[in-house]
Amino acid sequence: MTRKDSPRAARSPWRQPLALVGAAFIVLWVLVALLAPLLAPQGPLDQLSPKLLEPSAQHLFGTDELGRDVLSRVIYGSRVSLPLAFLLVAFAAVLGCAVGAVAGFFGGWVDGALMRLADLVFAFPGIILAMAVAAALGPQLRNAVLAVVVVSWPSYARLVRGLVLSARNAEYVAASRLLGSSSVRTMLVDLRPNIAGPVLVMAALDVGNAVLLLSGLSFLGLGAQPPTAEWGAMVAAGAANFDRWWVGLFPGLCILTVVLAFNFVGDTLRDALDPRTARAIRG
Amino acid sequence: MNSAKQPRGSTGAGRRRPARPGGPLLWFLGRRLVAAALLCVGITLVAFVLTQLVPGDPAAANLGQRAIGDPEVVAAFRAKYGLDQPVPVQYLTYIGNVLQGNFGLSQQSHRPVAQDLAEYVPATIELALFAIVLSLLVGVALGVVAAVNRDRWPDQVLRVVSLGGVSMPTFWVALVAFYLLFFKFGLLPGGGRLDPGMSPPPYATGFYTLDAALAGQWDVLSSAAGHLVLPSLVLAVYTVGMLMRFTRASVLEILGNDYVRAARAKGLPERVVILRHVLRPAMVAIITVAGVAFGSLLSGAVLVENIFSWPGLGQYAYRSAVNLDLPGIMGVSIVVAAVYILINLLVDLLYGVIDPRIRLT
Amino acid sequence: MRIRSAGLLAALTLTSLLAACGGGGSTPSATGAPGGKTVVIDTAFQLKTTDPARMFEPTGLLIDRAIYDTLLTFNGSDVTKPVPALAESYTAAPDAKTFTFKLRADAKFSDGTPVTSADVVFSLNRVKNVKGNPSFLMDGLTVAAPDPATVVVTSEKPNTAVPFILPNPALGILNSAVAKKNGASDAEGADKADTAESFLNSQSLGSGPYILDSYSTTSQVVLTVNEKYWGEKPAYAKVVVRNVQANVQRLNVLKGESQIAVDLSPEQAKGLDQLQTVNGASPNVFFVFTNDNPEISKISSNPKFQEAVRYGIDYQSLVDLAGEGAVQAPGVVPSVFLGALPGSDGVVRDVAKAKAALAESGLQNPTVKLSYPSDVQVNGLNFGDLAARVQANLKEVGINVELAPASVQAALETYRGGTEEMGLWQWGPDFPDPSNYLNFLPGQLVGLRAGWAEGAAPALEELGTKASTTVDDAERAGLYVDIQHSMNEAGPIMPLIQPAQILVAAKSVQNVQSNALWLVNVRELG
Amino acid sequence: MGALLEVEDLTVWLATRRGPRMAVDGLSFQVDSGEIFGIAGESGSGKTMTAMALLGLLPHAARTSGRAMFEGRDLLAMRPRQLRDVRGRRIAMVSQDPSTSLHPMLSIETQLTEHMRHHLGLSRSAARGRAVELLDTVRIPDPERALGAHPAQFSGGMRQRIAIAVALACEPRLLLADEPTTALDVTVQAGILRLLHRLRAERDLAVVVITHDLGVMSAVADRICVMYGGRTAEVGPRERVLTRPRHPYTRGLLDALPHPEGGAATLRPIPGSPPSLGEVPAGCPFHPRCGYAVPDCRTGRPAPVLVGPGHAAACPPDPLEGDA
Amino acid sequence: MTALLEATGVSVDYHRRGAPALRAVDGADLSLARGEILGLVGESGCGKSTLGRAVVGLQPAAGEIRFDGRPVVPLGRRRRDPGMRGLQMVFQDPYASLNPRRYVGDQVGDGYLLGGTSRPEALRKAGELLERVGLPADAARRYPHEFSGGQRQRIAIARTLAAEPSCIVADEPISALDASAQASVANLLVDLVRELDMGLVFISHDLSVVRQIADRTAVMYLGRVVEVGPTRELWSSPAHPYTRALISAVPRADGAGVLPVELPGDVPDPARPPGGCRFHPRCPLALPECSRDDPPLVALRGGRSVACVLQTPGEPVRPLATRRKDAT
């Protein structure tokens, strides 16, 4: 077998049914979020119906304790969770990549200090730190997002630092340096394309994780506040009475499908990447 | 997103852990301890700064609506918890006390934080240990099955199962499981650590199962163990998925090695090849992830303990956070950091057990 | 090595799974334990301590009510009539300043020593000087013991509420000799000198029918019967109060794991036919205010705007939202107290009137910010849900309400500072006497939070002053009715609803009554 | 004398994303007891897959056809269980890189005795005793101590000796050595080649040496098979194949080597590069690179023809006749 | 003759945590003239690659290294002195030395681009270079994984050529390649050296190739250069016992069935080199003083240098005896 059959070429992610299902679901949810006002039969806060109606033709997912249409709230919920998750991952990734790149690039005490900082954040279970931040700044979704960014950048920093460190000693970087390329240029030209892949995979997986963590914080009452139509908060509301299963079940399923979709895609992408880098992206 | 933590130095597992010649163990332990101490100081500092950022007032959070209107009561409260001191003095005092094992008084439980922690930490650790053992047994076994059957149907099914596991909101699973397994079908006992009305075993370790066994209270042991099952199952949903994915990846990587082919070429039964030649090196990565998974269990506990009325660290942390209970938050932070450090140390020691190269060179 | 330890782990798991199966079936009933019956009460803990001098949280009240006797108390759900407890009788001087209590002779502490007036003085002074949460109860009161069987409570100002204050479990009487031995102090400076709290959290020093067996602020508190109790032995030998979320309480009580669930919302209590549901009225009143201070807001301080809000709110829909058992709060004084307005006196929604008032106010499409604490629930009600409903109501009138949720800490800060344009809050009484509601008047505690400055409504304020010094109950009641009528006419404070306080209990438990102060009286259960 | 191993028309298909691809195409050869048989070729010529096919260790989803008679039984037709009894017991393998083929985390003792105990049912101490002897045979100093050590504690050459000891543990009749010296320095390589040579003589062991290095071939092999594109290009006695090659590919390989006598002559590479899996051209696989190709080479599929005693080449026109 | 590249007393230490430093190269000397090919041979771990990297500045080293008369400064974070562009390196593994995610043309064009050429011009010239090393014209718009190992190595060579080098250090440039590709890449390098009048340091463990192409050969053992000389003479009459052992261990594809000669023992741990002559524990001709004295590299007659007590400075090479007893 020649080395020409690189693992990447051999296992294109788009040949995997799971990735396709995941991608389809992501597209679907993005569309739902974009078109929410068109799709939802009611507004997310409209209290138009008797409360706690069972699912019926009128209200496919029933109504909640304030007589709001659960389907509409679930649809509008995507407008809360998805953009925030994307935003948050983008922030965390940018911050983490910057820190990781700086640490890997400068090495020495800069690296030491930044990585100890990352260790520090790692030593806190994310949700506890997020809780502390949310408690400190007040329970709002904005603060929850901030909290999650605070806890999630170190993953990227470590990943990027590791990639930079290993790539820094790569022969193609040495070759480029010998041609007179400055180290900043090697970083941007030679390393960036190699780092982008793993970071993208991590980000894909992280969107799912972000949705989970945000909804978890909202569930605890530290994220989105009522009456915002947020899935985690809706599950919490639904949990008040198990007999009204529809109030909590559907938002829970929404979280599940969104997270699952991103995990399907992320996982397949990770598999498709070179296994050595794949290991560095947790999973 | 915590689950997302990339294990320390997980890249390339054994290979990346450089040999440390020359008194490797002492060198290693020394470095670790210094790092641990610094980490703890850092953690307290971060926690402290965070709590100082709070716009709210611990007095307001912990005094009644009426009491807060009474300046004398507020002054007494502030004096009692040292809040009337300048912030740096508060911090230094705190650190000084911590060094003497005094974590301060909790504003929400009115008890020494150390006493609170002694009660709540074992509860959560017991739960997390139970869950991690469960996850390791199930996750590793299924991960191996998936890897051995790579790209065939068992692998595909297990992939969906494991990804499903890591995609489920823990709190939601907890609610559903509690409703179905406890309420609907009565298969498992419900919330709390013991049956209602049952007294905890005499305190020795704080692990009810262990304490009950030590005291020979078998009914308590059975009750305590029974109450562990449901919450730990729920917690394990995530970690099983996580460990399964990692075991699969790690086993696949090992399966590609020459030495596995060499073992097969020796005509060894497949069982021996997998257990002895594949799983052992794979364990290096697996225990790294298990360490991270343990951390994620602590997080999961925050979401689950409420639902299962589990009087653990998670509930305590939550209550401390919402009550702006500074000593409580700091205590939790230090404990969590200590657990993190211990886990990492344990993981490193396990590397040495698994991989002789680390011991020898 | 690896294989062996894996086997060990497997064995461990197996045993625990077996244990689980064994444990799963057992649902302890109210009658199981030897030596008497056990009752399990589930509540979401709001508990910091059981030391009476520091305790003022609902769960603490429930527990201390069982452990500690007070001079006077209330029976069942009636909080309008203080009844004798440790004091077998009392007399109030006509000036409402001096109250003399005669102690009963047979009362004993759990260690067998008799309760004396010295214990009472010690206990009450301790509450005052420890400066904990309940110390305000003793504001302006001094206690003296002319002889071992007599206690005299003197108030600086006429205070008709004293007999209503004394039943508070925070004013429970503890065994002063033992308490002192364990660090308790009732002297000035007790806030620093008193170190008895942890002792009092491990052991109770009361004369009530129960003693503290085990205590935890997060899992459960266990009470066992006090063998030396001077009164009639309670029906249950053991009381387990467990910390359980409301939704789980419901499942537990349905499943028979517990006998009483304390925190169910009306919605959660629906359809539990195999159980008894005790629907008491909660003494909590939710209200909305529009800040009367023009410096805070030109809009909310506009009287016509206030009128528009008053008539724009659909009180009935809020009651629906709050569920069965909830009622509209016709005035600020809750229905269970003296001087409460009859339900028919409440403000009725009148959209036309509201719109007219808004038009008169000269405000075009006003937008106001409604602040509320978003992370707390009272009687299972979310402030957020109520706020959303108010928002929807006012929208119909033409007022745009922006919701401004905040954590209770942050919100309290602005609330207390009187800087909220509009606020949605709740008042829980400190003691079951209408005089507590004088706080809502201009220049008083709550009034100021609504920007209602002294002198804003002189007639009303005068009524208030009069009410505070009137001793005769009938006359007092009349004054409070007048005050509330006046507040319903104009002013920045609009009482909304009084939710239900629901107890759900197994049918096996007798005499479950909902009490405004301590939720449920464990002693009375049969 | 009957051949120990007789491979007939061995064909191996490997699974690729574009479907099955032929990696070995109708290979036939035989190996006698006590013979060292060399298979030479560049990467992708199918030489390693041949060895894997004999051991039943082909990658997942690979298929084979043909026959491989070993001690009267067809290896290719065996069930996995039977094959496992042959592997390690009757046929052993030594692979290219001893630093990856020995398990880094298991002690030498475990690796040396586990299959002895499994195949021969030896007790722990008996296996240990044999292990000491084996280590002594392959000249590992202080064998007793070596047993407790781990591979990382040995140099590359020592590791390869240990790997050979592992292969010899159950006294196999046939040893498949896949590039046994490629990862080693020349000075160490010399030692390993001598060891193989000696073992063959002492134990009447048949060895199949797979290597791309014709120098190594020349040193140890009795007969050589040159493979190209999954097929036999040329097979015959060592001396004939290396000194009088009859196939243009063999000739090209030899010419590409630095000339034995040195001199300033530049090297003469074969143009082009070997085909990768699934890209083997029709006809003679070598024809696109062959300087002697005639139009027939593009279509016809030359079968090996006897060109001397025991010497066959798959190049009917015999274009090198004149040169040889 | 002025040397194009001159290294004197080069030492490289690897520092490891909690362990003594490992001296990979210990006082090595090298010199190279324009148009010359210097073969650098030795067993794995002898430090030849480290020396190669040190010479181009990729590895900080003690001692003096001059290229074109100017000192070579180790590469730091700053960009390399443009004057050093003439000194380039070709790496062993053509799979690792090309960026897998950049177009081949871009990577080759870098050399021009960084030399100040405009981008379109650089790309055009890169295309030319690729053809010059024998690749199809469309190679520029393809990724490295689309090429075979030999082709990749040609790409790597083209990349260095873009810097218009006067000296190339090639670190095992052909050892990862198939036999036929080895020959063609080696030929390409030789042709380029002759044509462009460059210098080439050809690092290899394969003595026969070095013998074929190198003008002079340097032999390294355990961090030291133990012998240098014109290739032909060195091969026919090695002056150092180690050189002789290396040569006689090379198997010849002559069909004669001669087993190569084994050099017993292992290369010692470079962190703890033996005292005296580093080769003495394995040397068949070792004298008692060899375990004590560490012989320096000294010049013999005929452009040869050697570090061995058996040779006398300034004298012609003394033929080595086959066994120790004959040695004196």
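We call the chains A, B, C, D and E, going by the order they appear; numbering starts again at 1 in every chain.
Note that in this section a contact is a pair of C-beta atoms (placed from the backbone, for glycine too) under 8 Å apart; a residue touches a chain by one contact, two chains touch by 3 or more.
Treat the numbers as computed from the prediction; the structure is a model and nothing was measured.
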The chains touching both chain A and chain C are B
The larger set of C-beta contacts, choosing between A-B and B-D, lies at A-B
If chain centres are mean C-alpha positions, then the most distant from chain D is chain C
Whole-angstrom distance, CA centroid of chain A to CA centroid of chain D, is 51
Between the Cα centroids of chain B and chain C the separation in whole angstrom comes to 37
The distance between the C-alpha centres of chain A and chain E, rounded to whole Å, is 50
Multi-chain contacts in chain A, i.e. residues touching at least two other chains, fall at 2, 4, 9, 135, 138, 222, 239, 242
Where chain E touches two or more other chains at once, the residues are 148
Listed in rising order, chain D residues that touch 2 or more other chains are 43, 276
Residue positions on chain C within touch of chain A in the complex are 246-247, 250-251, 265, 267-268, 271, 320-321, 374-375, 380, 382, 384-385, 387-389, 391-392, 403, 405-407, 409-410
Note: in the complex, chain A contacts chain B through residues 18, 92, 116, 119-120, 122-128, 131-138, 148, 151-152, 154-155, 158-159, 162, 166, 202, 205-206, 208-210, 212-213, 215-216, 219-220, 222, 232, 235-236, 239, 242, 248, 252, 255-256, 259-260, 263-264, 267, 275-276, 278-283
Seen from chain A, its contact residues with chain C in the complex are 45, 47, 51-52, 65-66, 135, 138-140, 221-222, 225-227, 239-243
In the complex, chain E touches chain A at residues 56-58, 75, 77-80, 82, 84-85, 87-89, 91, 93, 95-102, 107, 110-111, 114-115, 145-146, 148-149, 156, 159-160, 162-163
Listed in rising order, chain D residues that touch chain B in their complex are 55, 57, 60, 84-89, 92-93, 95-97, 100-107, 110, 114-115, 118-119, 150, 152-153, 163, 166
